[in-house]
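After this come two complexes, each holding chain A, first together with chain B and then together with chain C.
Up next, the complex of A and B:
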């Protein structure tokens, strides 16, 4: 496999994990436009643990994931006081604060970034992506997944039916934050370098687009969205900026004609020949 | 209107005049203190910068107030004005060098307005679907992100990614005691405030304004009562295009440079300003814009460039969490908007 394609596969694996991190909150009805902030915490957490304490990636990656999950849980309480557009703005502000703090702390490398010496190879990334995919598929099939879907569709009715809304949403932020942190930790170890500028608002926007264009109804959505947006531009092989213009046009057209995303429950039911179930649900 | 301003029973103009007089007095007092002149100068620059944030923040707040739509193309309109004007002055317009900007900037504003109307055509015109679920409001937001990519990269393709100098030969500084007030900056603060005042008059007193407020309250009821929503919604986009265009033009006049990324910084600051002031409140956006401008210049003065960003964003995060309705927003989001 050429270096070019292994590079793309590495980005794809990280994007898939990251997209699932955003998907888990989106599936419970919360839009997180601060994905880059969580990913940055994971990346810098892994980098600092590796460089300062000399931990190996086998320890830094789980530790960074756990750290980001805890931060996700902590930030969920204030953020969940907000709704709709406010939540989008609150998470956006959170990511800005995170990158702002990184830029101002010399211990974190500031604008110069940090070098990460421990290297994690592509197979690890791919198996992590596969494991996360399976985990999220399993999660959507559990009671927690059902509760999230209920909250997404109608929070009031779900609450009346006895769904503990706050607990489920906090869990969503913790799991989602953890996955974004995992993506960040793997990014840091694979590319051996982290800098705050990478975790820009644009990154948060892109990953949210992966999820929303892929579709939030089923766990296939982020997988399809992230894969599509990572691979198709490479296949198109058109000049740098035109690819983004094509992207933009696709996004606008998608929202006009199929706002629920590429993969929907109905589509899956059709593909697997379960029409009747689809019509009912 | 005045409900949203948070101070009842007084005309907003009276309040504004009072605040303005207070500001001038405070700056004068500060400048008179020993060693206070530099600080007073920072306050003046902060207010001038805030004037630009005000116009963009009002564009944001108007779209959210009426349509509940966080329009991410607003910073792009701002950028389009500057870049298109620069492109025209550079490649197309056969004007004398000294005054090219005077014609190029209005052309840039016109392009921003047209672009804004295109966004309306492809976001709101089609997006009638109502799922009623929690992420429904994301649909126009995602569309606007798509347009952000389209416009930004078209500009990159046509005009390149370099920051460009677009000098405006119109440098008049006004010396007041120890303070230097740039005349273009002063004019831009007044102009952007003037447009906002005009806008609030439009909303409060005209037929169009009443239609806009009725849509903000309830689009369905407005339709039932005979408001033609499809004809009124473009007005929102026209106004936000105009506000961003004017802000972009003022930015060029004041700072004399343009780049395809100039909208990102101003756009995020304007979002911060809008949230601080309270979503959907025009007076809040004015206060928020001036406050963010002040926080930024004073933050840079005391803590340095990157820390200033942290100051602004931490204030924003705190505001969202502690007082989500903002400084001037009503407690009921949705009611009392605008």
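Up next, the complex of A and C:
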């Protein structure tokens, strides 16, 4: 495989994990526009643990994931006090604070970034992406996943069915944050370098687009969305600068014709040819 | 002890911005009893439901369910104490399938991390799913349990809401206009279904405008008008009551 394509596959694996992080939170009805902040915490967490304490990736990656999950849990409490567009802004502000802290701390490399010596190769990234995909499919099939999807549809009624709304939403933020952190940790170890500029608001917007355009109704959505957004811009390279125009038009068309995302439950039911499958995940 | 009170509502009141919507309302539902809550539009029936289920906080009064004071508990704890409700406007989860909506109703009974992390969506033969499908079938719903509810007709969705509430195995079932919008055949079938539920020991509290349905399902009625209780007793008594006839049933009701 050429270096070009293995680079794209690595980004694809990271994007899939990252997208699932945003998806899990979105499943419970919360839009997280601070994805880059969570990913940055995972990336810098893994980098610091590796460089300062000499831990190997086998330890830094899980530790960074756990750290980001805990921060996601902590952030959930103030964020869940807000609603709708204010929640989106709160998560966005959180990501800005994270990159702001990184830029001002010389210990974190500031604007120069950090070199990460321990390398994680492509097969590990792909295995992690596969494992996360399975994990999220499993999660959406559980009763916890059902409670999340119910909260997304109608919070009051879900509560009146006995769903502990706040606890489930906090769990959604923690799991989602953890997955975004995992994506960051893998990114740091694979590309051997982290810098605050990479974790920009644009990254948060992109990953939210993966999820919303892929579709939030089933766990297929982020997989399809992340793959589409990673591969298609590369394929469009033959068109030169026109690719930005073509890609933009494709996004607008998708929002017009498939507002619920590319993959919906009705689409899955039609594809499997058996309506019974519509509730499988 | 058939007459022992399951639900006791004592002197409850609620005002919105100085306008009193429910004023000093009291009634009881005996264990296994079937009480109808009737009255003209705007009489406060749905507000009473929202006060009992905890959607709104009480301004005054107390509510006791099965000996436990629930008037100040959050909605979820009232569900755990043994009540479940349906809604006047169908409030099923539109993106979930019929059977998933019913499995959501089981949530109050499925506590603990193990229950939360069981992949019920992958277990077509699992206990929760089998039970939910059986409940749908018992209610006479001839549908594919995997159908997403937003694709189902009104009458069926209305019934799924009742089934979802039943899935928690409540001691008390609150139904807000369960027959509204149903055709006569569907209404008669729903009445038969609710009688079976009540015969199984579940107490019913029903808000409804279809008096034939109330007659069929309930053994006693409370009449509200302008947030106040104006009558409590048998349906026949309500028909004969001058105040009730004037406020709600009309002169030709008898």
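Going forward, the second predicted complex is superposed on the first by the 269 of 281 C-alpha atoms of A that agree within 3 Å, B and C clash if a C-alpha of one lies under 4 Å from a C-alpha of the other, contacts with A are read in each partner's own complex, and residues count from 1 in each chain.
The rule is short, and it goes like this: a contact is a pair of C-beta atoms (placed from the backbone, for glycine too) under 8 Å apart; a residue touches a chain by one contact, two chains touch by 3 or more.
Please read these numbers as outputs of a predicted model, since none were measured by experiment.
Using the contact criterion defined above for the overlaid structures, shared-chain residue A:107 touches neither chain B nor chain C, since it reaches no partner. When the two structures are aligned on the shared chain, A:235 is found in touch with neither chain B nor chain C. Of the two partner chains, chain B is the only one touched by A:93; chain C is not. By the touch criterion defined above, A:142 lies against chain C but remains apart from chain B after alignment on the C-alpha atoms of chain A. Once the two complexes are laid over each other on the shared chain, residue contacts for A:265 go to chain C alone; chain B is not touched. In the superposition on chain A, contact of A:154 is made with both chain B and chain C. 152-154 are the residues of chain A that lie in the contact sets of both chain B and chain C, per the superposition on chain A.
In the complex of the two chains, the chain A residues touching chain B come out as 26, 29-31, 78-79, 81-86, 88-90, 92-94, 96-97, 100-101, 103-104, 110-111, 151-155, 201, 205, 208-209, 212-213, 216, 241-242, 244-245, 247-252, 254-256, 259-260.
For chain C in complex with chain A, the touching residues are 53-55, 75-76, 79-80, 84-85, 87, 91, 93-97, 99-100, 103-105, 107-110, 115-122, 128, 144-148, 151, 164, 168.
Chain A meets chain C in the complex at residues 138, 140-147, 149-150, 152-154, 156-165, 217, 265-266, 269, 275-281. Put simply, chain B touches chain A in their complex at residues 64, 68, 70, 72, 122-123, 126-127, 129, 131-135, 137-143, 145-154, 156-157, 264, 268, 271-272, 275, 279, 304, 306-307, 309-310, 313-314, 316-317, 320-321, 324, 333.
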